[in-house]
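Per-chain numbering from 1; labels A, B, C and D assigned in written order.
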Amino acid sequence: MTMASLFDLALAAAVLALAWWTISTREAFAAVIDFVAYGLLLALVWVRLGAVDVALTEAAIGGGLTGGLLIGAAARLRATEAAAAAERPGPAVRLIAAVGSALIAAGLVAAVLSLPDPAPTLAPNAAANLAATGVGNPVTAVLMAFRATDTVLEKVVLLLALIGVWSLAADRFWGGRPGPHHQADPNGALAFLARLLSPLGIVIGAYVLWVSADEPGGAFQGGTILAAMWLLVMMAGLTDAPPLRRRWLRLLLIAGPAIFLAVGAAGLWLAGAFLAYPVAWAKPLILLIEVPMMLTVAVTLGLLLAGPPRRLE
Amino acid sequence: MSGLIDLFTIVAVSAGAFFFLAGTVGLLRFPDALTRLHALTKADNLGLGLVVLGLLPHAGGLLAALKLVAVWLLVLLSGATISQLIARVARREAPPS
Amino acid sequence: MLGPAHIFGVCGAALVGFGLYGLIASPAPLRKLLAFNLLGSGAFLLFGVAARRGAAAGFPGDPIPQALVITGLVVAFSATGLAVALLVRQFEVSGASTLRSDPPPPADAEA
Amino acid sequence: MSTFLLATAGLILAMVALALLRILRGPGDADRLMAAQLLGTGGIAVLLLGGIGIGFAAVIDVGLTLALLAAFAAVAFVKAADASRVGNAAVEDDR
């Protein structure tokens, strides 16, 4: 047994322990903190699996934004927890659930351990066609060129989720500002942090997009960082969430997918297929798509966390 | 020369691990929230700082080394501020008598 | 040979089991949501294991499943965001945070 | 060297996991927030040690991302802890 295997075993044990605590902790508030810790360790697992791009996404989503999203709900629902716990299913149901879940997990273990060797892989195909995309990071090439349809649709899903959230607003608040108005001491510690951290975060977010051509990174990961910085500034009370009826806001929300689709449609007559890029133009086109996409992702994620509009001006 | 660098890494990273140990022990053993917070900040500042210091020669280049230092500075900045916010929560939960 | 693909493959399968159990056994929708995310991340890990085993052509893993996982994470986050908004809205409208179809009138609710 | 870095990473991971017992014991929100904070820092240390230990210098970017997002999550936690105790989402930030 090598040190690497020992480390992997320890990591897997920690991940499983955190997952179990997330389920079994009595208070939702503590469960959410467990879940964020779990997301952090999962980023580490992805590094061990050689998927640094995924680790970056997991760090941004699992470690950060999901935590911010869930903790707000946990705090709001805190008073109802005792009543909810009383509705816990009886021991018989729980036993059946445990046995069924264990059986499914056992089946998956058996499937994982009996995977064919050598494993089927598309990596050689990706490597052979990487040069045509002009980027050096194969995951970026898959996301932006080989399977760009997935990425377009993913952004549309993000937008649909936001529309779904907005549609939960009370009628009279439609088009108003989301979330509470955070009031904080403009000279306090939180405002200090927000003032200092958010410019650094914007630089790092842009950097994460920029390196994605050849290193792990991407528009989504960069956009996540920008969204977190925006929300931080909002929580510090330095700025307020914009009213959702603003034109510029709506424009930003659709800019990313719209440009993506426009470039995709242009591919129909430039390169003969939807979302195909002429080889000489592949890299500039990918950049043209990714830069507005990062802004769109940042605004969409920020508003998704801010929630439905709940006040007028 | 590389032996010397490795020695430097081993000493610095071990010292960093020691501060994480100290932070954990303090978090588990100290009697009230504010003293536990005190123990935690040692792990934040010194533990990660020493680990980063020890990793600098292995980062593979000046840019990567600078980014490593940036990680530490970011954690220092946010850790210091957030500790203060946590202390405020602690005071609200158990006002000093 | 006990490589990361084996260890985290078993780990991912166990996470799916944990998530499934939590989804059934927790009464509060917020906890169900957490469990569902655990289940999803277990499934993503299984993808990651497939990617790792497909390491070839100088890449540490097959980039296609890795890209699929990134897309999956984004979609899972969108769904979580919508679910949280629904939960909070349900609480605002009914004052309850469970999915009982016959909510007791507020006066009879357990203290 | 790789063995040493991975071993230290495992050690820090074990200690930080131990600190998580704090989350379960509580008693107050402040303790839970502290454990989360230690986990953020320790997680970054483990990530850097483990990643550089196996020659993935790209984990430094993951470390940068984690540092920023952990700060965001910690602020969100503190705000939520305040809000749920006082029963008002927009709490005055008294000093």
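Criterion: a residue touches a chain if its C-beta (ideal position, glycine included) is under 8 Å from a C-beta of that chain, and two chains touch if they have at least 3 such contacts.
Every value quoted in this text rests on a predicted model; they were computed, and no experiment measured them.
> Per the contact rule at the top, check every chain pair and give me the one with the most C-beta pairs in contact.
Summing C-beta contacts for every pairing gives the maximum at A-C.
> How many angstrom lie between the centres of chain A and chain D, each centre taken as the mean Cα position?
18
> Quick check: how many Å separate the C-alpha centres of chain A and chain C?
Averaging C-alpha atoms per chain gives centres 13 Å apart.
> Could you tell me the distance, in whole angstrom, between the mean C-alpha positions of chain B and chain C?
One centre to the other, that is 31 Å.
> Hey, how far is the Cα centre of chain A from the one of chain B, in Å?
Going by mean C-alpha positions, chain A sits 27 Å from chain B.
> Tell me, which residues of chain B touch at least two other chains?
Residues 74, 77-78, 82, 85 of chain B touch two or more partner chains.
> Where in chain C do residues touch two or more other chains at once?
Counting only residues that touch two or more other chains, chain C contributes none.
> Find every residue in chain D that makes contact with two or more other chains and list them.
Touching at least two other chains: 29, 33, 35, 40, 61, 64, 68, 70-71, 75, 81.
> Would you please name all pairs of chains that touch?
Listed by label, chains in contact pair as A-B, A-C, A-D, B-D.
> Using the touch definition from the top, list the residues of chain C that touch chain A in their complex.
It comes out as residues 2-22, 24-28, 30-31, 33-35, 37-38, 41, 44-46, 48-64, 66-71, 73-75, 77-82, 84-89, 91, 95-98, 100, 109-111.
> Please give the residue numbers of chain A that touch chain B in the complex, ascending.
189-190, 192-193, 196-197, 200
> For a test of understanding, state which residues of chain A touch chain D in their complex under the given definition.
My answer: residues 3-4, 6-7, 10-11, 14, 17-18, 21, 25, 29-30, 33-34, 36-37, 40-41, 43-44, 47-48, 50, 52, 55-56, 59-60, 63-65, 67-68, 71-72, 74-76, 78, 179-185, 188, 190, 193, 197, 200-201, 204, 207-208, 211, 215-217, 221, 224-225, 228-229, 231-232, 235-237.
> What residues of chain D sit close enough to touch chain A in their complex?
Chain D reaches chain A through residues 2-3, 6-7, 9-10, 13-14, 17, 20, 23-24, 26, 29, 32-33, 35-36, 39-40, 43, 46-47, 50-51, 54, 56, 58-59, 61-62, 64-66, 68-73, 75-77, 79-81, 83-84, 89-95.
> Tell me, which parts of chain B touch chain D in their complex?
These residues of chain B touch chain D: 6, 9-10, 13-14, 16-17, 20-21, 23-24, 27-28, 33, 36-37, 40, 43-44, 47-48, 51-52, 55, 58-61, 64, 67-68, 70-71, 74-75, 77-79, 82-83, 85-90, 92-94.
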